[in-house]
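The same chain A turns up in both complexes below, where it pairs with chain B and then with chain C.
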Partner chain A sequence: MTEAATREKSRQDLDVAAIRQQFPILSQTVHDRPLVFLDSAASAQKPDAVIDAMTHTMRGQYANIHRGLHWMSERTTEAYEAVRDQVAHFLNAPSRDEIIFTRNSTEAINLVAHSFGALLKPGQAVVISEMEHHANLIPWQMLRDRAGIELRVAPITEAGDIDLDALQGLLADGKVALVAVTHMSNVLGTVTPAKRIAEIAHAAGAQVLFDGSQFVVHRKTDVQALGADFYTFTGHKLYGPTGIGVLWARKALLEAMPPFLGGGDMISTVTFEKSTWANVPHKFEAGTPAIIETIGLGAAISWVEAIGFEAIAAHEAALTAHALTRLADVPGLKVIGQPKERGGVISFTMDDVHPHDIATLLDRNGVAVRAGHHCAEPLMRRLGLSATARASFGVYTLPEEIDTLVDTLVRIRNFFV
Partner chain B sequence: MDAPFVIPEEATASEAIDAIRDELDVFDDWMERYQYIIEMGRKLPPFPPEWCDDAHRVPGCQSQVWLEAREEGGKLYFAGLSDAAIVCGLVALLLRVYSGRSCAEIMNTDPKFLRDLGLVQALSTNRGNGVEAMARAIRSAAAAQTA
Partner chain C sequence: MTTSGANSLAAPHPEANGFGVRSAGVTSPEVHTSGNSTLADSGALYDRLIVERARTPQYAGRLEQADAQGEGKNPLCGDKTRVELQMMDTHISQIRHQTRGCAICLAAADLMAERVTGLTVLQARDMSHRFSAMLVGDSGSAPDAHTETSALGPLEAFAPLRAHRARHRCAELPWVALKEALSHVDV
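The block that comes next holds the complex of A and B.
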């Protein structure tokens, strides 16, 4: 079977109508129009499976974990720790002990900047790219200002890919300790060549971190195949709840790194004079964690894995191709970036219509998109833009919704010409 | 007073509010209302590009909004601009109400008319707050004048 035929078959295998029925919010109307939700890259909607898992926990099986010596606590601990196994499997991590639960990807990156950062010496450098979300920029700026680390920025090409030759150049002096880049851009949709980037980083003696917040939603992630050293993602973009994210890191790194936050659950022994730390992963999980949200994340992972990433990726590739074709017919519309590989995220401008106006007028027609700098101000500056509008797709997105977007954009444009 | 400052069409702020209400009532659908609002913004007197700076920028607006005030003959006149068309239209409607009025009249004109006319709700919450920020900037200019 050709690749196109395989994709078509996978797309047909995915019963989007049945999937949509599992998302209570998608049957809502906004401004008396059916909701067309094209803002999943900001946060995805939640299926019944996730909602039910969380309410089931709160209604029937809830207590604080790890410390309780009673039935309810033990069962809740089991449910919570089972998610660690699930996440390890989800990322193909070698060990469950390498999975750290955080609040979101932002916190996971801050943890690395704090604790891996503590191992770095003044004069060493961290490399990011021009298309990073602020979450993978500000923690490194803070480390730079705190610890005398140099922050280097790998440029992107006009098409919106990381310039790998330039990246290699930035690593040439051997001072770079870490390359921290996105695995999929939240603005351009670029899927970065993570495996190649890891090879480049390792050849120069640097570790590599990927911000997988966007990527894990769309494709199967395998941290070992990528050759990653750190990998982060957040639950709420993966059809899971807010308040739960993940850091995966190689065990040797986690063991060498000092704790991030101090408190309960992360200790081995405590006296007023000195405390010793628990083993990983608990060393990095101070305080009562987001128990209910973690269980919700587990339900989300089960849910997407039951659908299967082959079908999800094929569906979204078909949607993205459909969107790019249809958007090309809108006069004055410019899609930002033509990366080699794109996920279901499309940023665009339309003549000189302000993206805020585009979003407001789309919203009045029930179409939800994002508009603004998308927490990537330096990238906007690099592109010579102050803002874009962005449509992003999920497993529940229908081609007809993209048609509604395009038809409404044409109507909006008529306001301005 | 000359351009770019807005000369009032109606004799009082409250007449201006009534006129805007009547005009908005003509439309039965919000897309038409937006078209009207955008048209109002286009009719604003040209705002000098050199005033599009931080000193003239109204804080609290997601889109960029610039305002300038000038006093003449006991009245305060305003000029304004936004880089977004709908917000620019709302600037035009605000200035139609507030420009060319005495400080006392400005202070007595409660910006809640923006909500009554659905103009705050015309934007998403974050941007709607920005429209109210503009009204605050106008009223604080009047308050500064009387202080």
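The block that comes next holds the complex of A and C.
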């Protein structure tokens, strides 16, 4: 079978109508129009499987974990810890002990900036890229100001790819301890060549962190194949609940790093004089975690894996191709970035119509998109823009919804110009 | 405030173009020209006046000899407006703005300039309060709301923004700039 035929087949294998049935919210109307939800990159909607897993926990099987000697606590601990195994498998991590639950990607990156950052010495450097979300920028700025390290920024090309030659140049002096870059841009949709970036980083003696917040939703992630040292993602973009995120890191790193937050659950022994820390991963999970949300994340991962990333990737590739073709026909519309590889995220501007007006007028027609700087102000500056409108796709997105978007954009343009 | 059901701000008229503005032309682009957007119904967010002023502002630019100036910036979207004033005694005799922003922000700057021309500093400040009050929904409560110096006049076009809290900042930005400019005026 040719590649195109394979794609077509897996697209058909993805029964979007059946998938949509599992998302109660998608039958809502907004301003008396059917909801066309094209803002999944900000946060995805939740399938019944996730909603049910969470309510099932609260209704029938819930207690605090790791501490109770009673039946309910033991069952809840099992359910919670089972998600750690699931996440390890989801990322192809070598060990379940390398999976740390956090609140979201932002907290996972802050954990690394704090605890890996504590191992860095003044004069060492961290490299990020020009297209990072603020979540992968501010924690490093804070570390720089606290620890006297240097923060270097790898430029992107006009097309919206990381400039690998320039990256290599930034690493040449051997001072870089960590390269922390996105695995997929939430603005440009760029899928970065993570494996190549890891090779470049390692060749210069640096570790590498990938912000997988966007990527894990769209493609199979394999931290070992990538050669990653740290990897982060956030549950709510993966059809899971808010309040739960993941940090994966190589065990040797986690063991060398001091704790992040202190409190219950993360200790081994405690006296007023001195305390010792629990083994990883618990060393990094202080306090009662997001038990219900973690179980919800487990349900989300099972649900996504049952569909399969081959089908998901093919569906989104087809939608993105359709959207790019149709958007090209909207007068005055400019798609931002032409990356070599793109996930289901498209940012655009329209001559003479501000992204806020686009978003508000689309909303009047039931179409939800995001407008603004998308938590990537330096990238906007680099692009010479103050804001863009962004449409993003999920497993439940229909080609007809993209048609509604495009038709409405044409009307908006006629309205203003 | 959500927009559904009985609220007239929400449901576009069946003949409306879905933007809350009735305009037969917009639904069929081939016959549409920019001139035939008819006047908005009361629920329209994008009143025709707003669209027109966004497209062709009448108070855009700079003053040769400004007595005071002020700036407003919205870090969330990069919108920016700069206001320059010329005073005659206690009155604003001339006002110009340079605005980079959305249609709401552009029109708000232009209609603000129109409305406060000729007002005293105190009257302009009062107008600013009235405008904010209208956005949160208590316009008209003041007993003198309809006197010549205090009526909102063309600024009423922004009343439908009440239902769009996320856009209030867009309409308020020029007033932030005006407030700063007025703070530099000695009276």
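Quick notes on this one:
We take it that the second predicted complex is superposed on the first by the 417 of 417 C-alpha atoms of A that agree within 3 Å, B and C clash if a C-alpha of one lies under 4 Å from a C-alpha of the other, contacts with A are read in each partner's own complex, and residues count from 1 in each chain.
Just so it is clear, contacts are C-beta pairs under 8 Å (C-beta built on N, C-alpha and C of every residue); 3 or more make two chains touch, one makes a residue touch a chain.
Keep in mind that what you see is a predicted model, and the values were worked out from it rather than measured.
In the three-chain model built by superposing on chain A, chain B clashes with chain C.
Once chain A of one complex is fitted onto chain A of the other, the partner contacts of A:55 are absent, as it touches neither chain B nor chain C.
In the superposition on chain A, A:357 makes contact with both chain B and chain C.
When the shared chain is aligned, chain C comes close enough to touch A:33, but chain B does not.
Chain A is touched at more residues by one of its partners, and among chain B and chain C that partner is C.
By the document's definition of touching, of the two partners only chain C reaches A:417; chain B does not. Residues 31, 353-354, 356-357, 360-361, 364-365, 372, 386, 411, 415-416 of chain A touch chain B in one complex and chain C in the other. Of all the residues in chain C, the ones that touch chain A in their complex are 3-4, 10-12, 17-21, 23, 25-27, 29, 32, 34, 37, 45-46, 51, 54-55, 75-79, 100-105, 164, 167, 170.
Note for the complex: chain A touches chain B at residues 31, 353-354, 356-357, 359-361, 363-365, 372, 386, 411, 415-416.
Across the interface of their complex, chain C is touched by residues 31-33, 353-357, 360-361, 364-365, 371-373, 377, 380, 385-387, 408, 410-412, 414-417 of chain A. Those residues of chain B that touch chain A in the complex are listed here as 30-31, 34-35, 38, 62-63, 83-87, 122-124, 127.
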